[in-house]
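The structure that follows is given in the form of structure tokens.
As written, the chains take the letters A, B, C and D, and residue 1 is the first residue of each chain.
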Amino acid sequence: MSNRVTYGMVGGHLNAFIGDVHRKAINFDTRARLVAGCFSTNEDLNVQTAEAYCIDESRTYGDYLEMAKAEGSREDGIDFVVICTPNHLHYKVAKAFLEEGIHIACEKPLCFEVAEAEELKKIAEEKSLIFGVTYTYTGYVMPKVMRQMVKDGKIGEVVSVNAEYPQEWLIDELDANASDTSKFSTWRMDPAYTGIANCVGDIGTHIENMVNYVTGLNIKRLVATTNTFGQALDLNANIIVEYDNGANGAYWCSQVAAGNLNGLKVRIYGSEGALEWEQQKPEDVRYTPKGQATQVLSRGCGYITEAADANRIPSGHPEGYFVAFANVYRSIITAILQKKAGEPLSGEGLDFPTVDAGLAGVKFVHGVVSSAANGSTWVEL
Amino acid sequence: MSNRVTYGMVGGHLNAFIGDVHRKAINFDTRARLVAGCFSTNEDLNVQTAEAYCIDESRTYGDYLEMAKAEGSREDGIDFVVICTPNHLHYKVAKAFLEEGIHIACEKPLCFEVAEAEELKKIAEEKSLIFGVTYTYTGYVMPKVMRQMVKDGKIGEVVSVNAEYPQEWLIDELDANASDTSKFSTWRMDPAYTGIANCVGDIGTHIENMVNYVTGLNIKRLVATTNTFGQALDLNANIIVEYDNGANGAYWCSQVAAGNLNGLKVRIYGSEGALEWEQQKPEDVRYTPKGQATQVLSRGCGYITEAADANRIPSGHPEGYFVAFANVYRSIITAILQKKAGEPLSGEGLDFPTVDAGLAGVKFVHGVVSSAANGSTWVEL
Amino acid sequence: MSNRVTYGMVGGHLNAFIGDVHRKAINFDTRARLVAGCFSTNEDLNVQTAEAYCIDESRTYGDYLEMAKAEGSREDGIDFVVICTPNHLHYKVAKAFLEEGIHIACEKPLCFEVAEAEELKKIAEEKSLIFGVTYTYTGYVMPKVMRQMVKDGKIGEVVSVNAEYPQEWLIDELDANASDTSKFSTWRMDPAYTGIANCVGDIGTHIENMVNYVTGLNIKRLVATTNTFGQALDLNANIIVEYDNGANGAYWCSQVAAGNLNGLKVRIYGSEGALEWEQQKPEDVRYTPKGQATQVLSRGCGYITEAADANRIPSGHPEGYFVAFANVYRSIITAILQKKAGEPLSGEGLDFPTVDAGLAGVKFVHGVVSSAANGSTWVEL
Amino acid sequence: MSNRVTYGMVGGHLNAFIGDVHRKAINFDTRARLVAGCFSTNEDLNVQTAEAYCIDESRTYGDYLEMAKAEGSREDGIDFVVICTPNHLHYKVAKAFLEEGIHIACEKPLCFEVAEAEELKKIAEEKSLIFGVTYTYTGYVMPKVMRQMVKDGKIGEVVSVNAEYPQEWLIDELDANASDTSKFSTWRMDPAYTGIANCVGDIGTHIENMVNYVTGLNIKRLVATTNTFGQALDLNANIIVEYDNGANGAYWCSQVAAGNLNGLKVRIYGSEGALEWEQQKPEDVRYTPKGQATQVLSRGCGYITEAADANRIPSGHPEGYFVAFANVYRSIITAILQKKAGEPLSGEGLDFPTVDAGLAGVKFVHGVVSSAANGSTWVEL
């Protein structure tokens, strides 16, 4: 029993794609059971979703505040809540559950305002609550391998970074006057629902998060251009960053780049070697020790000693996106279990994107938007 | 309730890697619940496994025959059994459960002898039972796309096939005198446990299965060489096949091919175009219409109309091996549900490797071993 | 006779790598004969080189000024001069030969100062002389194909560019105190010989040139960071550009990026599709029409109608760097022959990098250095 | 003068593609001058070609026998002859020049009959003449690197080979009744001009040659299937070979494999590692030491100590097909110069495909055709 927890969800009704991904990812390791939820503001949909997952009627809530209070008061209340509502609600929902002493797993972006993020961080720290932000991609094994390699000095001091996240899927938005623009996209282009940035918030933050995860470097300042192509929000952005160690990096994110599906790619150059990884080929890392041949490191192979525990299946069997997501939850749940047991977080329990990662993302978005709005001048983060 | 089933397992104790993969794959869609098991002949391990999965003591069995009888007699007996014992037990276990009227999901290879496979097929047909054989790789979406493209005539008549499945992991077996040979490998080299073939049975059958799945072609006859390198069983094999349409194909499987992890790859050449797919990059198919540029088709993209329902997540998010496995089980469970509902199998319920695929695999293994033993003469299948 | 020309060289002695490349490239089409030279300021080496190429003693010069005058006065003087001296001499040598009415093929960078480049351009135009600058990479066939595709509207309006040129070879320069720094590199780090930039001048200019060649876009302004890592000149640079059509692009060049040999790569994104090309795989272009599968276009294939005349050998036979270089010279020599025949330049004779490309490169270098020196502010070109 | 030679050509008129390739390849190193020729049986074309290359009228021959005699009698007769006639003339022409004591560079296939090849070999040996057969692909640097690595034991004992050469270009021949079949293809399908095999002779021999070059292994026996698809000669073939060391290999060649241009690829598996190379990406070799990560070895890099002298230009600048061809001629000419100087062949002078390679190719073709004709039984070579 001590290695099991229960959870609830806010958002994630039956028709919501990402809700199912969260449930499958959590379910992968069968340590957490879904027992409560406020899945939709549409009552029918809410009830249908609850029924589909055998949630007791008494724990099917029409309102997230009610849910937070009720679950916070129950003896057997949920251990953590998964927040996968539209982005503009993250802050309010997270705050409500934190205040009830419930651990959090929140979709990214954490929230829209830096002050909000800092507030959430403050509450979580004061109440000693686990706060995970589901930046999925750091759940892949190979970024963990790279991170350890960088820590071990395998590439020396980082001297340059080139990272990108191009997609094609909003290319039709380039024609601002097109009448067939999908509702969904229109929603994305409304700052009330999306915040001050579209592309930079949605995918640019993954670049920031992944580079930080792998290298440990923080962005000191940045200059940026963004492109709206006549829309309310950005569809493409170029960013030059300066890290706290003085090195520079270049980030590019786009949702109008034909031929790219979900092309998160990071290349880290150091004084002693380089590392390269792509989300769409997550099993491989290209590693070049200075002056030597490039090596293709494949997940799960015996010659990789770093992060060996993170593997689920033998090399050559692609683990994929769901496993990465499951790994994020594995770490969050381990952390919650360690917390419940009164132990300090350790090992796996330390390896997930926290509210700090969420805060860094919000700052990054504000930095990029601010620089672009001010003639691409340097903005300190 | 009508869309849920229960299942039991024979084999697959806590330390057995593949048992966990089966459970995760089944669990992915949460339509089947594990309620019974005979996980190990080791009593402690059996009980521990049962407890870990909250199996009732009354349905934790020390013997598979006892389990078959008991579950076959219960009103709420399991709908299907997953067989993931060592290979030499598949036949006996499958037969026992079939005779009790229980649907089957059996690891590959189905069994060792052609007569055994034919017997299992006969019983399953007589009793109208679903019999799935878990050739995982056909669960990937892109082979489904290729299959439909071939059916639709996109590459015309198949004129040549080149398919392979190289691995490196048994390369140390090349030194037959090495003292550090692992127990596991020794086990693999014992025909009593492995059957008449090692490499051809273990991975060669996946080539045969995948080519058949994609093209619909059956092997009429074949010539083969196998290489044992001083061991009791084969570690490498080259096979030329002739299909029922008169075309030839070349198959190569190896477990001593340095630099290859799990390199199943099929290339299908037709009179109007070609298709190419690799298991380690499962999201992409290379498609060349005759005389035109090669196209990289990516899973989930809107321009792929074939097998569109099979996708789980948007393009650019690698689905991976677990999802392929989950897809095989999704189809098997759908078939069982259709059967329980008294409906003819249809759609998804028809798209899984059956006992026929298992039988074809056993015939293939016997054909290859027989040809190699007889100076690489043609053997009719 | 009318389709043959003669040429001389300044620089390019026997031990100079690039001199031999120029000679082989010119020799590839056997339309130009080397008849004069001032190959080295080292008299012995000069004479040895002349002898190796059967240059008459009377046309072996110890001084480029003397050579320009003598060849300019001869009835049978050289048609053009190849300038492959160290960079700091390009301007002086080019001017001397222009003033004698001799056509020019000059290594890049054209010169160090914008005023110098403009002066050369002015003289060439006044005297109606051909002035080629040997940006080799536009000599490859596939950039020509891309250029035509862009012109034909295949990718619509360009909305974003990502281009780069990383190399590894100066990575040891990161340690500014290392005692084993090679002489050659030291020379490169001396502005007297290299000009105001190292990496940006040497390889960054190829990015600028290639993007302009393919898209026709000119850079309106740019912001940049450069990294010297304690050396006198830059080893790494990140640049965000804005084109005259309002789109942005990101350029990265580096000589300290482990794992990269000569990695010029351009990616052009348009409203209707995208194009991608890498110098190290010059035979292929990746082309994605919006919403469709990525196509791998291979040089020489029948389905490529653009720039079909530029091919030398059938598809699948890699043409390589020498052929690209030969193509640049083919165009320059065709232009010279057209000029000699009193015809307007046309076709092939218009397809080579001119003094305008050289001038654009010099401006680009000054822009990048100036922006970096001024806190990464916008610099208009 | 002692490092220059002269040559003549039989075949290779102005409209013949391959003649120009030979001339460019020879011309690349400017050590051999074309001074005589019998370029075509069409008198006008012969004369035009001679004029285009400034061949003296007295050395422009209408008949190859006349040419052999005349050049063999001249004091300043050609040092070697390049034979690039249609295949069915190779034997006769080569014999004529050998008998006049003239060194040979002959296109492949050497000839049609084993007895002919043996006769040519005998004459060449008796007269101590250099006899090169222009299997171009062994002229690439990376096969030379692999060859040295195999010799040095880097991959241990060879245990398996997989090699192939697929092309697409004759795919329209699959429709034997099509009326638009090109003349050229018709010619290829006539045994009088092409010999007993089409695809196997044209490209299959390159597989045989390359594997032998890299590994040193000779084929002891083989089984094969060929496919004519209703044509007179083969368009596709699968071959299983057994080498003199007991290992097996699989070869596949095809001219009806959509999506393949010129796909020669060899994969050599040894007890200690593996090597992989593709003609269309000639700069890279994939090398996997057993149990370690795959390394991408790039031509010209400092970490490659094998065959370092063979490089022409720095790493990252693709050398391509012409340079490979030039390298074959460099070796042939070096051998001729060594022979003329009365020195034993050494170094470069030993590294070209000789009449032995030509003979092995003829035997290979006969073996494949014979096995296929006899129900795919083993044929000893």
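In this section, a residue touches a chain if its C-beta (ideal position, glycine included) is under 8 Å from a C-beta of that chain, and two chains touch if they have at least 3 such contacts.
Remember, it's a predicted structure, so these values are computed and weren't measured experimentally.
Trainee: Moving only from a chain to one it touches, give the least number of moves from chain A to chain C.
Mentor: 1
Trainee: From chain C, which chain is the farthest off, judged by mean CA positions?
Mentor: B
Trainee: Considering A-B alongside B-D, which chain pair is linked by more C-beta pairs in contact?
Mentor: B-D
Trainee: Just curious, how far off is chain C from chain B if you go by their C-alpha centres, in Å?
Mentor: Comparing mean C-alpha positions, chain C is 56 Å from chain B.
Trainee: Mind checking the centre-to-centre distance between chain B and chain D? Centres are C-alpha means, answer in whole Å.
Mentor: So the centre of chain B lies 44 Å away from the centre of chain D.
Trainee: Indicate the whole-number Å distance between the mean C-alpha point of chain A and the mean C-alpha point of chain B.
Mentor: Inter-chain centre distance comes to 35 Å.
Trainee: Which residues of chain D are in contact with two or more other chains?
Mentor: 260, 291, 294, 298, 301
Trainee: For a test of understanding, state which residues of chain B touch chain C in their complex under the given definition.
Mentor: Result: residues 287, 291-298, 301-303 of chain B touch chain C.
Trainee: Give every residue of chain A touching chain B within the complex, in rising order.
Mentor: 17, 21, 24, 27-28, 30, 167, 260-263, 279-283, 298, 300-301, 312-323
Trainee: Looking at the complex, which residues from chain D come into contact with chain B?
Mentor: Answer in residue numbers: 155, 159-160, 162, 164, 166, 168, 171, 174-175, 223, 225, 227, 229, 236, 238, 240, 242, 247-250, 252, 254, 256-260, 267, 269-274, 276, 286, 288-291, 294, 375-378.
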